[in-house]
Each structure stands twice: as structure tokens, then as C-alpha cells.
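All chains are identified by letter, namely A, B, C, D, E and F, in their written order; residue positions are counted from 1 within each chain.
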Amino acid sequence: MPLSSVATHADEQEIPYYQSVGNECALFDQAFQQRLPMLLKGPTGCGKTRFVSHMAARLGKPLFTVSCHDDLTAADLTGRYLLQGGETRWVDGPLTRAVREGGICYLDEVVEARKDVTVVLHPLTDDRRLLPLERTGELLEAPDDFMLVVSYNPGYQHILKSLKPSTRQRFVAMSFDFPPPAVERDIVARESGLEPDRCAALVNLAASLRAMKGQDLEEGVSTRLLVYCATLIGAGMPILEAARATLVEPLSDDADVQEGLMEAIQATFG
Amino acid sequence: MPLSSVATHADEQEIPYYQSVGNECALFDQAFQQRLPMLLKGPTGCGKTRFVSHMAARLGKPLFTVSCHDDLTAADLTGRYLLQGGETRWVDGPLTRAVREGGICYLDEVVEARKDVTVVLHPLTDDRRLLPLERTGELLEAPDDFMLVVSYNPGYQHILKSLKPSTRQRFVAMSFDFPPPAVERDIVARESGLEPDRCAALVNLAASLRAMKGQDLEEGVSTRLLVYCATLIGAGMPILEAARATLVEPLSDDADVQEGLMEAIQATFG
Amino acid sequence: MPLSSVATHADEQEIPYYQSVGNECALFDQAFQQRLPMLLKGPTGCGKTRFVSHMAARLGKPLFTVSCHDDLTAADLTGRYLLQGGETRWVDGPLTRAVREGGICYLDEVVEARKDVTVVLHPLTDDRRLLPLERTGELLEAPDDFMLVVSYNPGYQHILKSLKPSTRQRFVAMSFDFPPPAVERDIVARESGLEPDRCAALVNLAASLRAMKGQDLEEGVSTRLLVYCATLIGAGMPILEAARATLVEPLSDDADVQEGLMEAIQATFG
Amino acid sequence: MPLSSVATHADEQEIPYYQSVGNECALFDQAFQQRLPMLLKGPTGCGKTRFVSHMAARLGKPLFTVSCHDDLTAADLTGRYLLQGGETRWVDGPLTRAVREGGICYLDEVVEARKDVTVVLHPLTDDRRLLPLERTGELLEAPDDFMLVVSYNPGYQHILKSLKPSTRQRFVAMSFDFPPPAVERDIVARESGLEPDRCAALVNLAASLRAMKGQDLEEGVSTRLLVYCATLIGAGMPILEAARATLVEPLSDDADVQEGLMEAIQATFG
Amino acid sequence: MPLSSVATHADEQEIPYYQSVGNECALFDQAFQQRLPMLLKGPTGCGKTRFVSHMAARLGKPLFTVSCHDDLTAADLTGRYLLQGGETRWVDGPLTRAVREGGICYLDEVVEARKDVTVVLHPLTDDRRLLPLERTGELLEAPDDFMLVVSYNPGYQHILKSLKPSTRQRFVAMSFDFPPPAVERDIVARESGLEPDRCAALVNLAASLRAMKGQDLEEGVSTRLLVYCATLIGAGMPILEAARATLVEPLSDDADVQEGLMEAIQATFG
Amino acid sequence: MPLSSVATHADEQEIPYYQSVGNECALFDQAFQQRLPMLLKGPTGCGKTRFVSHMAARLGKPLFTVSCHDDLTAADLTGRYLLQGGETRWVDGPLTRAVREGGICYLDEVVEARKDVTVVLHPLTDDRRLLPLERTGELLEAPDDFMLVVSYNPGYQHILKSLKPSTRQRFVAMSFDFPPPAVERDIVARESGLEPDRCAALVNLAASLRAMKGQDLEEGVSTRLLVYCATLIGAGMPILEAARATLVEPLSDDADVQEGLMEAIQATFG
């Protein structure tokens, strides 16, 4: 079966590991049952995508993920006619597939997309739950098991890139943050294969690095980078070298900031 | 029958619930009878779209709704030739369909559309009521039961996005606001299934939240979000959790603003 | 006969009502006889379009009207090849049709059009009166009964949107303003069916509303809106309600400005 | 023979009237004989286009005129493949035709054209005199009787719209201004049919109107507008009305400026 | 075998010379083994591209290099349908080829690319390692021997051209600088064929020239330019002439800066 | 043989006259022998293009010249598929032809080109000397007798239009200026046919005119304009008239500047 964008089906995979830290699973469940669209907010690499994968698998629904960007248009979501061998063939976009087949369509960093996506989001997010396909002349009604999920990072929105209130107010919303230490330790250990104790030290380190955010750091270190660091350490790389490559260099190009980060690392591991 | 954009037909549906709060129904009726185009102004989620649906159903006319956006062009409204199997076929846009078949064409947030839409709005909104289709060589005369309705939110217009006086002065206009408390309570109760008394408390809360608009809040909480909140409460979610997910997180990303909103909520329900 | 843009033929219609208030008909007549192009200037809704329709009908010439906008290009005026059933077919634009068949081509708000329209206007507006069609390889010579008319509203021109002197100086020009009270009263009465006396009150009101222009009002109330107002009053709507919907709401979104307008209205009709 | 842009052939026409006022004809002649390209500078409507027509006819060479604009590209000058009936056919642009057939190619207001026109102007204006046609794979060598002439109005050049020195320094250049009074009188009389004495008064008036340029007037009144004025007077229109329509309204939209102009006119004719 | 972009295969070439100066080879090796993507940062011409070539050859993997630029889009990386003889044929882009065949895809100066490349980078750089091809309907899973490497020069990033944290934090990163003197001497000698002693003098000179960076010099002299200089000297060109042509003129157009550079050169070689 | 852009072949022409004034020929020779790309800097009309023609002919290599501009893209250099008679045919661009056939490709004013040209310049200017053609799937290796030469005028570069250091540092570079008086005299005499003595006076004049640059003159008078002036004088035109048309009008539109230039001319020839 051809797949557009990144689509995964529940029956083909195990449920991705996700450690809940609040009511997020219950809220997602309720939004799904009540057919309400959902907005996830939170910093880079804190687990939003993983959470959605987890919920999709738990609910036994296929997941269609789209990384939004400056040039993403409504047609990228709904589909287009493609020329092939002299014939034009309609190819559904990921949103259309989710509406046709049921499932969860996840638009990651939706504020990056072009403005014409609102034309497809609005009728899908009011009580009509409709997806009009102008090109094919179809008007699809979303099935009960269709759910739209969007996300963005409030940390670096700016004026030109934000959701209009008329769009935002169509979603049930929740904020994500990095998981609490014990949970993050388990996640890092599970993903990297490093022993939990050594991961705990990395998680402690992450807390002090994240505290440096806002001055010269645009974003705190993500859980993903902790996993990278633990992976390299587990593969035998010296701790300071692994930390530089995964917790310092990806965060900043500024020599002073890098030095500050390395000092914090050496204070922990030096 | 193929449908472009979101089109609904009166004979296929019951009349959507709408509680009138002034002379808006009479004015819409008169504009329809006198074949005058109509402009609706008002904040997000206060019921403009619902009002138009209601009037279309009451008048027994099909409704063609278009959510306008930055990239919407005249051709999106009038139609275009599409290549299919080597053949080109003309496909009417939603405005053309409304003119051909009679009915109400509703351009939601019309100020977002590209400027070339004026080329189709102007001849349709003077006494000629004509829709020229350059591509097909047709000149359509709007039937008596065709009506053009446009809307926008004066709350966040800016210089580059406004209707020119030469366009505005072609419409009979009216302003919308959130419904009065008793009416809003009934709407929320009807849509969510929650008991009216509990809805009344939500409506009271909305009034105090809306009073916070203008300082750090771009828009006040919409009736739609009250319905979401009541729906989640009715499904058994704790009130404060439901309120955070529907009345706080969708309104603001700012921690201080969120705290202010939660304090107002706790003062009511805590 | 296929029509592009909005084209009307003299033999298919009565002469639209137009009440002359100066030498405008004589000047238009002379410009037509001497084969000189004409530029009309004036505020929104003061009757420029109606004047051109009137003159075209009086002269017994077809009229091709184009509402110009930001994306209008020379090809929209001259024509283009269209693909139909595997065949490409040339379709004349409205300007080309006027040149081929004779008649008046009226470019409304010409300053809005893209700059490449000058390439077709210039040779048509000097003594050569030529329209080159690069795509078809034709060089059309305008017949004696071809006339080019353009208009714009000097009230909201800005730097990026103005006619270059090298273009302006190719036209005989005249300024329009709202008609004098007695004339405007007759126009409103004729178009709305309301008794002239009640229309006279509306026209008096318009004078005081127009005096408010410039401070917070971008444009004064147009004759068209007076006709709307009279129409709704004639249909039985209370005067203040009709005035709010046609003389206040279409002019401004500002609460203070709206209040000022309503006070003027109540001073007259309250 | 199909014509693109505006092309006229010497053998099909009489020599357009042009009254020389300096060495411009000799200089043009020499540039033509020495195969040097020519740049004409001067205000709107002072006779540059007429001068080029005159010289082309005197030299017995066809003339290819292009009014340049913001969207004019190299391909508009050189030609392009057009689809017709499933076949693609190359159609020469006006510059290519002039190079192939010999003759004068005149790019009016060349600074308005897009920057890629330099790619065709540069090899044509050095000693190689070559026109490469990338699309057809041809390299045309200009014949001895090919001449490139460009013009612009230094009066309203700005930074984004000027010829680069590397382009300017490829041309022999000369400045034009309005003709001296006796010459302009004869031109106006000849073109309008009005008696020379009455034209002389108009020419005197023009001098005082042109003296007002620079303060609030972007350009002085052109010879073309004097011809329009004389034409309307000759057709029986009252002088003040004719002057307002041709010497005031086309020059300015500003009420004060218009009044100043009318005062000057009444001082002459009142 | 057709190649898109610049692709080299390990079995067709010897291992390019690269002199390691730190743990960069070990870190790259580990990242490759652990299937982590890599980000290289560093100034112009310091050897990033050479390093990647070296590692690709050492690992025995094909290398697909793309020089990114302002107009590079996702489709340039993933592939597109091309029309050939009436048939459309899908042609893989360099990234797709690397994912299909295994190997290293190197995006040089990735910050220059358009924003839609994130849509392909994100799913390839999390634990899914997927490349969706919307157009062909394929979802490619990257093989274990696929590695994504990107680079940029932190020296002249600006606000509009930087990697978003959500992208940066997907990479293991390291910084490059010019090699230490002894290593750079060996590189220059090896590439140019000039004796190592004479190269050492050039490398010493480079240190003093690089110290001038930041004031009026945007970038210090690259190793590549040292190789150019040594090559010309080796071919018999006088040292000062070679130095001017390779170490002065390519760095600055400013006469004062050039003089300063020449003084430093003459102090060494004069 | 079809030619794209301006291509000349050594065996079809004599060696264009070029009078060397320094080591430029030797440096070019060495760069060619060592397969290094070359960057030429210098003012308008000082002889860069002539120099490249001269060297190409001396080396017996074909020359492919491209005048770069704002809209020039990589595809203009490498080639594209063209539709002809239903068949698509690949047509090499000038750069591709130079790489395939050997020869010198000269990109004049390369800073004007669009940024995607770097994608083809970079792999051609490092030790790989490769030209990837994504569209045809070819990877061309430049032959030993291929050389890339680019030029620009440092006099009017600005921020948006400059070569990035990562591009500049790939070239051996040299600066050009106007030739010394005796050399320039011979060039002017040779090109115009005017006696050397009279040319010497023009060259002296040029020196004083060039000294006026920088205040109100963007560029000094070029050698090409001196040739034009001498040509017109040789054809019998009075010196002051010839000088105005070739040394004053092409340099400035400003009346004061023109007067200053004419005074300098009259001081020499008056």
C-alpha cells in the first residue's frame, strides 16, 4: 500500500514507550472520544511526537505525521493530481488519507505551514468535521475515529508565525515540558541501553543546563540529545567528548556559551 | 453531486439552532429579499458562521462556505479547468455554483483573500449582479435567490489586510458580539449536553475571562470553547482540568496570562 | 456570443439613468469623437461606473468593464491561449475585444493593475492607436469607435500605486464628486423607490456624514449606500436600524467613529 | 506578415513630421553609420518616440518599438516557443526581428525592464554586436543596418530603477527637452488642426505651467497634452474647459495645485 | 549508472588524504555505527568537505554531496518526475539515492537551503529514520549504513539563515577549525607539490593573516588558498605575485585591507 | 553548430588585440595550466572582457561568455529540457558546453546571478572539478583544458550582491584598472581609426574626468566610451559635440555634474 508523508499503522507495530507524567493521556482520550481536535505545545524534543505515536498505537489507529514548513500548502495535506504516463491520477495527501481511512493526523509545528492550510483545518475543526476536496469534487465527512492533532513550540513563535485566534480557539490544548527526572532517566536508559544510574547523572546535568536557557541559549537540551549522549557513552566514548558532541555543540555556536556549558558538565563529570 | 468547498443544501438538513439576540435575522431577511450583499463583523467564535447556516436553512437555500486565506484567489472562487485523462474539464468554484444554482455564498474572513477577488465581488455587488467567467466565456447573471455574504474580525485587521472602501461600501453591514448570558447558556447546554445550571456558571466565568482581553489576550474566550469545556465536563473530566485545556491553553502561551486565567477559574469553581 | 469580463451591448439594453451635473457628457462626447482616451477621477460610489455605462449606451457602443486589482496583468486584458481538449485556442481579453469590435473599454481603478498593462496602454493612447498581440502575431489598429476609459480614486492612492506621468499625460481627464443634493435625491428615489421627500432627508444627512471624512473616516458615504438605506426603509425597516446597517457599519469598525455617525443620524431622524 | 510588439516599416508610411532643434538628427545619423547604440534621455511627451519614428523613416529602416515595464524580461525581447495545436513554434521577439531583418529596435523607458534584459543588451552593444538565442541555439550577428535605441526619463528614476554604469557606458547618449516655442507651436498646429496663432498662446501657457514643476508637479505639461487641448478647442469646446481637462486634471490630483494651474490658465485666456 | 548531484563511490577511488587533528574520526565512526546524524561546523575551506570524503572512503560507503543554496528545495533532495519523450519518469534526488543504496549524504552549508528541507530531515533524524516520498507514494526506511551529514559556517549565519533548535537538536555536532601548523604544512605540501619547508613559511604567514580577521576581513585565509599559493610558487611564479593573487585579492576588495595583507606578506617574504 | 550564450571558437577568429600592462597574462596562463579558476575584479569597460577573449584566443580555446543578471539561475548555465514537436530535448547551457568540449567559461558580473549558481560553481572549483547535471543524471569531469573565469566590479557591490567568502576563496584573483595612458592611446587609436595624437588628447582628458569619480560620478569614463568619442570625431563630428554625446551624457543625468564634465572638456579642447 502506498504511503504519503509518514504514516504508521497500529496493527503493524508495538505500542511506542511513553511514560505519562500528568493527565495528558486521559485528556487525549477524552478529546478523541468527543471528536475534538487537539493542540500540543512545548519545547523541542520533549516528547510530543512520541506521545502522539503512543496514543495512536494505544487507540489502535493509524497515524499520519506531517512536519510542517514554510512552503507547506493545503494541497500538500489534501492531495493533488499527478501526471503519470500521460494519465493524471489523484493522490491523496496525508490529511485526506486520515479522513478517508480514519486515524490520527498529526501536523508537527503547524505554525510553520502556509496560511492556506486554514482552509482545510477550519471545516474539519468545527461541528461539521468536513474535508472539502475542490479538485476531485468530493466533500468528505470525517469518521468518528478521525482526530486532528497539531503542535507548535511557543518558545520561538514570532509575529508572522503564529496561529490566529480564530484557528487556535478550535482546539483543546495542553502544554508539554521535559519529563520529571525519574521519568526522563527511565526514558534515556530505555532508548540508549545505558544503565539507569549513569543516565540519572545525565538527567541531573540536563536540569542545570536547562537552567541556562533564555540568556544565550535559545532552547534547553532535549531528551533526545540526552539519549544521543548516553548512546555514545554506552558505545565507549569518553564522557566529556560525548557530552561536548551532544550537549554543547548542538546547542550553541558561541564560544562563551559553549565554555559555560562545558564547565557545568565538568562540574558533574570532571 | 460533486461539491466544491463546503456546500450544504437546505433540503438535506434540519435548521441549525440559532438564538437571535437583536434584529439580525430581520436585517438578513431584508437584505436577501432586496438582493443586497451582506457584511458580518465580529470576534472569533461568536456565532457568525452558525448564524449564516441558520439563515440559509430558514430561507431554504443552499449554502456555500469558503474559509478565506492568504493564497485564496479569484479562480478558487470562480473555478478552473482541470486536466483529467488528457481532457480538460471546467470545474465551477463555490461562488460560481451559488450563482448558477441560487443560494448563499459565504466568504469567511474575506480580508484574508488575495486582492483579485475584488474583480469578481464588484460586478456581483452592484446593480448588475453579474459574474463574468473569463475562462469559459460566460457572463452569469445572479438569480434573485443568490446572496453574497462576507465576514471579517475587526479585532485583528491591519493595514495590509482590510477591505478597501470601494469594496466595503457595496455591503449592508452588521456587527456581532458574544450572545447575552442567558442565550449563551442555552447554546452551550444544547451543544454539549451539560445541564443548563452548570453551563450558566461557565458563561459567568466567560464574562470575567473576556474582561481580561486587550491587555495580554488577543481575543476573549469563544462560545465554541465554552462548548468544548462543557463537553469535557459532561464526559466526566474534573472541572479545573477541562477549563485549563479549553479556556486557558487555547488562549495564551504566556505563563503569567495563563496564571491570571486560572485564578479567575479557581475563583469560580475552586 | 461568449463574453469575457463584463461586456454589455447597447442594443440589448435601455440607456442607464444618469443625471449630468456639469460638462462631463459633452467632454466625453468630444473625447470619443476626437479619438482621445479618457481618465476619470473621483471617490468611491460617486457614479463613475454608471456614467460610463450611460455614455456607452447613449453612443450605442458596447462596453467592456474590467475591475483592476493587484494581480491583473496585460494578458488579462489582451487574451491568452487556453488548452481545451488537447487543442490550444486563443481567447481575446476584454481590451482586445473592444479594439476588434469597436466599443468602450473601461478599466476601473486602473492604478491597482500590474505595471505591464502600460505596455498595452501606451501604443493605444498615442496617435498610432495600436494594440500589438505578441502571442498571436497580430497588430490591431483601433477603429474610430474604440475608446479607452480608465478611472481611479485619488483619495487613497499611495506611492506604489499611482499612474506614472508618462501614462497619465496620455489621457483627457476629469474629476467626479458626489452629485449636488437635488440630483442625488432624484437618483436615490429612482433607484430605491422611496418617495423623494424621504430621500431628500437622507441626502441632507449624507452631507453631514461626508463632512466627517478625513479625521477617522477614510471615505464619505457613497450614493450607493444611500440607495441601500432608502431601499431598506422602503421595505419597512425602522430608519435608525436601516441607517446603522448601511451608513454606519460599512464605513467604520471604530466604536467612537460609529457613535459619532449615529449621533449625526439621530440628530436628523431621532 | 505577423508583427510582434509595435513594428512599422518605412516603405509602408510617410516620414513622420519631426522638427529638429539641434544636432540630434546628425548625431543619430552618425551613430547609425558607425553602428553605435544610442540612449535618449528626456521628460514625458517631449517627442523622443516621434524622433525615433522620424529617423527610422528617414533612414528607410523598419522600427520595432517596445514599451518597457516592470515585468518585461529578456524573453519578451528575444522570443519564445509557443504551443499551437500540439506543435511548438518559435516566435521571434521584436529585438530578434530587428536583428534578423535589419532595422531599429527602440526600447522605450528601458529602466523599467527587468534586469535580465542586460544579458541581451551587452553582447549587442559591444564590438561583437551579437544576439545569442539560447533557446533555438542560434547566435545572430547584427547586420550593419541594425541599431539599438533605448530611452528613459531621468526625471523620475530612483535607486532600484536605473541603468548600471556597465550598461550606460555602452551607449552614445543625448538629452531631449521640450521644443522651443516656435517649433512647438508648429507641432501643435500641425497635429491638432488649430490655427497657429491660437496654438502659440497655448505654447506660451505651457512655458508658465512648466515653470511650476518640481514644487508639487512631478512633470511639466507635455507637447502631447497641448495637442489634446488644441484639438478640443478646435472641436468647439470652451477654452477653459478644454484646458482643465487636458492641462490640469492629467497633471495633478491636488486641489491646491489644480487651482494654481487654473489661475495661470485664466491669466492667459480668462 | 546515472548520478545526480555529486556522488562518489568508494570502490572507484582511493581514500582521500585527511590528517586527523582530534577525535573527529572516532566521533564520526561512532555516529555512523549508532546511526546518528552528524552536524559539522567551521570556517570556509578548513577541510570539512575533505573530512567527509575521507570518512566515506574509509567506511567504504558512497558519498552524495549537495552544495545548498537559497533556492534548494526538498524536491531537489528527494527527486522529481521528469518529462521525457511524452513519458514521465521519476528521478531520485541525491538524498533518496543515499537512502535507497546506503551511503553518506552530505548537505554542505545546509542553512542556505529553503525551509521545506526540514520536512525530509526530521523523519530521517529521529528514531524512525524514514524518508517519505509523497510523489511516488513510497516510505523508505533508511538502511543501517545510511548516514546524514550536514555542515554550516557559524561565522556568517544571520537571523534568517540558521537552523531551528528543533532541527539542530537532532544532530551529534562538532566544530572544525584550521588544522595546527604542522598538519597544515603537510596538507599544503601534499596538495601542491611544493617542498614542506617553503609550505611551513606559508602556514606561518596564514596564522598572521588569520589574526587580522574580524576587523575588516570577513574570513581568514583558507587552507585551500594556501594550496593555490604553493601551487603557483611551485610553478615558478614570484612569491609576492603568487601571494597577491591567492592570499590578498580573494580576501578583500578594500585597498587599505589589501595593503595591510601585503605588508604582512612582505614582512615574511620580502 | 548551435551556440548557446555567446561562444566563440579560437580557430574561427584572429587573436583580439590586448595590450598587457602587468603580469596578468602570465598569471592567467599559470592558472590555466594549474587548472585553477580565476576571478577578475575591476571597473566598467576597463578591458576585462577583452582580456579574457585575448587569452582564450592565445590559448586556442573556445570561449563561452555569460552576462550575469538578477534572474540568472544555475539552469541557465547548465542547460534544460526544451519541448520541441512533442519531444523533449536536452540543451546544454554554456557552462556545460565548456566542460564537455573544453574551453573557457566566463561569467561576467557573477555577483548579479542568483544564489543557486553556487551549486554548480563549488564542485567545479575544488579539486574534484565536477559538474553534476541532476536532470540528465550525468556527472561531468572537467577536462584539463577547461577553465572557469568570473568577474565583478567591486565599485558597486552591496550587501545583497557579493560573493560569499566560501565562494571567493575558490579563485585565484586579480584586480584590473584602466590601462596606462600610452597603452590606452594605442587601444583607442586602433579601435577607432583616429590618429594616435588626437587619441592621446582624449586619454589625457579621460584622466581628469576619472579624477571626478566618487563625488557625483558613480563610475569614471571607460575606454569603450573613448573609442566611441574618437570614432565620432573621426567621422567628422565636432569634438565638443562628440564629447558631450559620449563622455558626458552617458555618465550622468545631473545638470551640475554634466556642466563640470563639459568644463573639463572645454579646458582641453575648447
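Everything below uses one rule, namely that a residue touches a chain if its C-beta (ideal position, glycine included) is under 8 Å from a C-beta of that chain, and two chains touch if they have at least 3 such contacts.
Being a predicted model, the structure only gives us computed values, none of them experimental.
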Note to self: Starting from the defined contact criterion, work out which chains touch chain A and chain E both, please.
What the structure shows: none
Next item on the list: Would you identify the chain whose Cα-based centre sits farthest away from the centre of chain C?
Entry: E
Notebook entry, point to check: Taking each chain's centre as the mean of its CA atoms, which one is farthest from the centre of chain D?
Noted result: A
Notebook entry, point to check: How many angstrom lie between the CA centroids of chain D and chain E, rounded to a whole number?
Noted result: 52
Margin query: Suppose each chain is reduced to the average of its Cα coordinates; what separation in Å results between chain A and chain D?
Written below: 61
Check: So how far apart, in whole Å, are chain E and chain F when each is placed at the average of its C-alpha atoms?
Finding: 30
Notebook entry, point to check: chain B: which residues touch two or more other chains?
Noted result: 83, 86
Next item on the list: Under the touch definition up top, go round the ring from chain E by way of chain F and list the chains.
Entry: E, F, D, C, B, A
Checklist line | Residue numbers on chain F that touch chain E, as the complex places them | finding: 23, 26-27, 30-31, 33-34, 36, 39, 41, 73, 81, 83, 86-88, 114-119, 122-123, 126-128, 130, 132, 134-139, 154, 157, 164-166, 168-175
Checklist line | Partner chain F, residues of chain E touching it in the complex | finding: 2-7, 44-45, 49, 65-72, 76, 82-86, 91, 93, 108-109, 112, 153, 155-156, 191, 218-219, 221-222, 224-225, 228, 231-232, 235, 237, 241, 244-246, 249-251, 253
